[in-house]
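In the part that follows, the structures are each spelled out as structure tokens.
Look for chain A in each of the two complexes below; its partner is chain B in the first and chain C in the second.
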Partner chain A sequence: MTEIALRGIAKSFGETPVLNGVDLTVRPGEFLTLVGPSGCGKSTLLRILAGLEAADAGQVQIGGQDVTTVRPAARNLAMVFQSYALYPHLSVADNMLTPLKLRDLGRVENLPLIGPLVSRGKRAGLRAEVQRTAEILKIDHLLGRKPGQLSGGQRQRVALGRAMVRQPVAFLMDEPLSNLDAALRVHMRAELSQLHRSLGTTFIYVTHDQAEALTMSDRMAVMMGGDILQLGAPGAIYDDPDTVQVAGFIGSPKINLIPGEVDGAGALRILGYRVPVDMELRNTRGPVTVGLRPEHLTPAANGLAGRVVHRENLGSDVFLHVGVEGLEQPLTMRVPPAQAPAAGAPIRCAAKQDCAMIFAPGGKRLRLPQARTAVVA
Partner chain B sequence: MRSYAHMWFIGPALFLMVVILLLPIGVAGALSFTDYSLGNAGADFVGLKNYVQIFTRSTYEKMFGATFRYVFVVVPLTVGLGLGAALLINSLGRFGDFYKTIYFLPVMAALIAMAIVWEFALHPTIGFVNTTLERGCGTWLEAWGWYAHGCAEGFPLWLTDRAYAIWTVAFIGVWQGFGFNMVLYLAGLTSIPRELYHAAELDGAKTGWQRFRLVTWPMLGPTTVFVVTISLIRSFQVFDMVEAFYPQGGGPSKSVYVMMFAIYEKGIQQNLMGIGAAITVVFLGFVMVLTLIQRRLVERRTHYV
Partner chain C sequence: MSEATVPVAAPVVRFSTTETLKHVVLILGAVIVLLPFYVMVSYALKSPAEIMQGTGGFFGSQEPFRDEYCVKLGNPADDCLVTPIAYNFTTAFGKAPLLRYLLNGVVVTGMIFLIQVLVALPCAYALAKLRFWGREAVFGLVLFCLLIPVHAIALPLYIMLAKLGLTNTYAALVVPWTISVFGIFLMRQFFMTVPDDLIDAARMDGMTEFSIIWRVMLPTAVPALMAFAIFSVVAHWNDYFWPRIVITGDRSLFTPPLGMREFKGDVDGDNFGPMMATALVIVTPLVVAFLLAQRRFIEGITLSGMK
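Up next is the complex of A and B:
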């Protein structure tokens, strides 16, 4: 079990800064996800960790050792690429055998013709290891095929297998599921989590899909504009985002971000409607942004009056898009199918008690519930 | 009702192929069994006489010798040097385009003009090749027997010595041809996904040779099939250089009497269409057989993505 740490990693491509001094410590054996919109620097951070890209400043440590200048081949990390990057001319077995051959066979043993003769025993051992890994991933029946003859999901498994055989310090995955169709993606999410549990090795996973991050990771780091905005368990980040950007990025459908204000009496209001928040906003006055997730809104007798402009039925839930006069964006609200009115029907939306998140104009969260003291964070 | 639309699509191409490709080959095949000369009203059927001549007379033995020497020197060297130059240029950041231009210049230049320059360069007494070699006389280079011999007896008459002529011509052929293969390989190299190199690096391929064996060479397979085929056909077709150096008779004791030149000499200069056609048919056969063999050999190991 090895700890991986990134210290003050900065990187820019030409004039464009991509990472601005990122610090991140990956605990041994955890499933850590780097999640963020495209262009936020998450892939670059992973590639710097792998050694495929050099950082302009900062340090990469694996197991307490500084490996910033160590070449990728010597870092003992394995990577699964978005395109899988399988060697198209080699069979599945040979693809998986390659890292073992490069690690365990000497110069002479890797020669064509002579090599297989002098290293027969060794090669048999390596092939057995490949077989074992293939059985875990249930691809042992595919070992003789070429990557071109495999489906996307099968290629994905082979890429995983090639990463696994070597028993690396950590698996680095760069959007590995984004080339799969939706159903398979959901299925592979579960499989990857299971694999992580059974291997117990560190997984560092890059994705732009917040659903993948929420479902699989032990901890996730939300990145935007070259910085880690928030690092924590998926549930904690969903329930308690630090900034309006994180709140807006995590969660689907998106959180409702509504302009509101704190009035002279310290009450939170949206278009005059008083949002039930059991706290005193003593030191805050003026405009704020109110974050309300779709499940935090409920139809009620008094609330924001609007009209259902669109109705999305997901079977278990119905998402209503409610147009409210005075608000630019329609509100999204989750209701049980039985209570869902038809499109076009008038409705009043109320917020549930203490669910609203309040963000200062700069985007920072105003947090206070327990302390009952208004603190501008 | 049956639609004949497909005939309209393939018709023009089919028609052109028959008229400008298959028909002439058929005519050449037919002529090769006659003693036809241009201007004659008719021709007599001579059976296999022309072919018997080709495979028995010593002139044609020399023709095959010269052609195969040229092909088996030029093809491996142009392919090897083309790949080498492409890899080196590909690894360069800044001066890549500069070298690309330099190596590609001989391909673009008119070979007839270049032949005149080479004739000067290789001139036995005033050519810069031999005058440069003479400067080395009296130095440690004389430890090499061939060099000492050259200093004592004079350096070879590169283009007119029977022992050197075909190799000199082959050398110029390599010089002229490898830039073309280099460009093809450069195109092949740019199509290799970068991620494969990254995967190889993470899999532990530390040396350039390991990465070449694991990624570059296999991924260049389709390019290599094409490059080898093209080089083979191009070097079988060598003609203009021989014509420029040796307008009469194909070099010192016919040592550079390549097939294309033989066809030209027999068929056009001497107006022996029958024998010219027969050489053409044999030539076509060679090119086809070699192409098939190399396709078999290479394609089996080639992966097309």
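Up next is the complex of A and C:
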């Protein structure tokens, strides 16, 4: 069990800064996801950790040791790539054998022709290792095939197998599911989580898909513009985002971000409608952004008046897109199918008690519970 | 020829002016290209008299004739009766050490190709996949060198080899061609299509940059290498110009095209039959190799469409 730490990692490509001094500590054995929109620097951060890219500033530590200048292979990390990156000319078994051969066999033993003769015993041991890993991943019947003859899901498993045979300190995964079709992706999500539990090794997982981050990780780090905006458990980030960017990125369908205002009496209003928040916004006056997730809106007798412009039926839920006069974006709300009006019907949306998140004009969250305890105290 | 292009086997033969026109143009082109070949094969089969008089069709009559040279050597006239085919080919192999020339050709083209690959693959890899200062400038130089015709630098090259005392050696035939900018360019273009992830995966597995070249890039680049092999081997197997310059005295270093010189006009006149038989022997290996590797070859030149 090894702790991995990144200290003040900065990187720019030419004039463009990609990472601005990122600090991150990965706990031993955890499943940590780096999630963010494309171009936020998450893959670069992973590549710096792997040693494939050099940081302009900062330090990479594995198990307390500074490995910033250590070669990728010597860091004992394994990486699974988006395109799987299997050697196309080698069979599955040889693909999985390659990292072991390079690590455990000497210079002479790795030579073609002579190598197999002088290291027969060692090679048999490595092959047994490959066989065992293949059985865990249920790909032992594919060992003789070439990657070109495998389906996407099978290649994915082989790439995992190649990473697993080395028994690395941590697995680094760079969007490993994005080349799979939707059904297989959901299936592999569950399988990766199970694999993580059974191996107990650290997983560091990069994705732009917030659903993957929410479903699999122990902790997730939301990255944007070269910074980690928030680090925490998926549930905590979903329920309690620090900034409007995080709130907008995590959650599908997207959170409703509505321009509102705190009036002179300290009440939160959207277009005159009073949002039920059980607190006095003492120190805040003026315009704010109100965040309401689709499940925090409900049809009610009084609320924001609008009209259903679009209706998405997912079977278990119906998502209504409600056009409200005076708001640029339609509101999205989740309702049970039984209560869902038809498209075009008029509707009033009300916010549930104490669900609204309030963000200051700069995007910072104005925390309600803390404000309330302050009032009580 | 024409049977191959007319769609005889098509279930419904429909007349189309544009299709006919296309085929006429193609057939004309094919005839122009194939006619010298036809003459070569035909001459290699016919007797000198038939060649001179232009009789005998494609195969000639194959009637035995009297070899005057043999008679001049003082042999009885009856022993000097030969059939044209046998005469042409035995003279080709007998009067000139054609097998030796063929061996030279194999050695020279083989060495050239091997060293070209040894140089071109690391260069192409660096130009395609490594980031270093001045990479674009170096690649610009590669493109620039593609534009230099061989004949323009032949004289300086010759002087250089002569000063080093390397004329009339295998080295003179091989060394000037060992760095192929075309090879570097072709392989670089191919390596650009190899995903970076594959190289990163190899680095994570613990390969050095050189083992990445030989153990990952080389195997994936086989189609491109085949295409390059054909270009390189054809060019140097058929090259007459350069061997003619650097191999002056030593006949045992002659490459196959130089062997043709043995039959050029001497006192007793041009001897076209054996000359064309030699030509036939020289081109056959290439034609066979091309037919065997045809699919790969086409794959190789259409690399751009590959991912």
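Heads up, the rule we're going with is that the second predicted complex is superposed on the first by the 370 of 377 C-alpha atoms of A that agree within 3 Å, B and C clash if a C-alpha of one lies under 4 Å from a C-alpha of the other, contacts with A are read in each partner's own complex, and residues count from 1 in each chain.
The criterion applied here is as follows: a contact is a pair of C-beta atoms (placed from the backbone, for glycine too) under 8 Å apart; a residue touches a chain by one contact, two chains touch by 3 or more.
The model shown is predicted, which means the values in this text are computed figures rather than measured ones.
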{"item": "Joint occupancy of chain A by chain B and chain C, clash or fit", "value": "clash"}
{"item": "Chain B versus chain C as contact partner of A:Ile136, first or second or both or neither", "value": "neither"}
{"item": "Partner chain in contact with A:Ala78 - chain B first, chain C second, else both or neither", "value": "both"}
{"item": "Touched partner set for A:His89, first chain B, second chain C, both or neither", "value": "both"}
{"item": "Which superposed partner A:Ala305 touches (first chain B, second chain C, both, neither)", "value": "neither"}
{"item": "First (chain B), second (chain C), both or neither touched by A:Lys146", "value": "first"}
{"item": "Chain B and chain C contact sites that coincide on chain A, given as residue numbers", "value": "50-52, 71-74, 77-79, 81, 83, 85-90, 98-99, 102-103, 162"}
{"item": "Chain C residues touching chain A - in the complex, by the definition given at the top", "value": "195, 197-198, 200-207, 216, 219-220, 222"}
{"item": "List of chain A residues in touch with chain B within their complex", "value": "50-52, 71-74, 77-79, 81, 83, 85-90, 98-99, 102-103, 110, 146, 148, 162, 166"}
{"item": "Of chain A, residues touching chain C in the complex", "value": "47, 50-52, 71-74, 77-79, 81-90, 98-99, 102-103, 162"}
{"item": "Of all residues in chain B, those that touch chain A in their complex", "value": "193, 195-196, 198-206, 210, 214-215, 218-219, 221, 303, 305"}
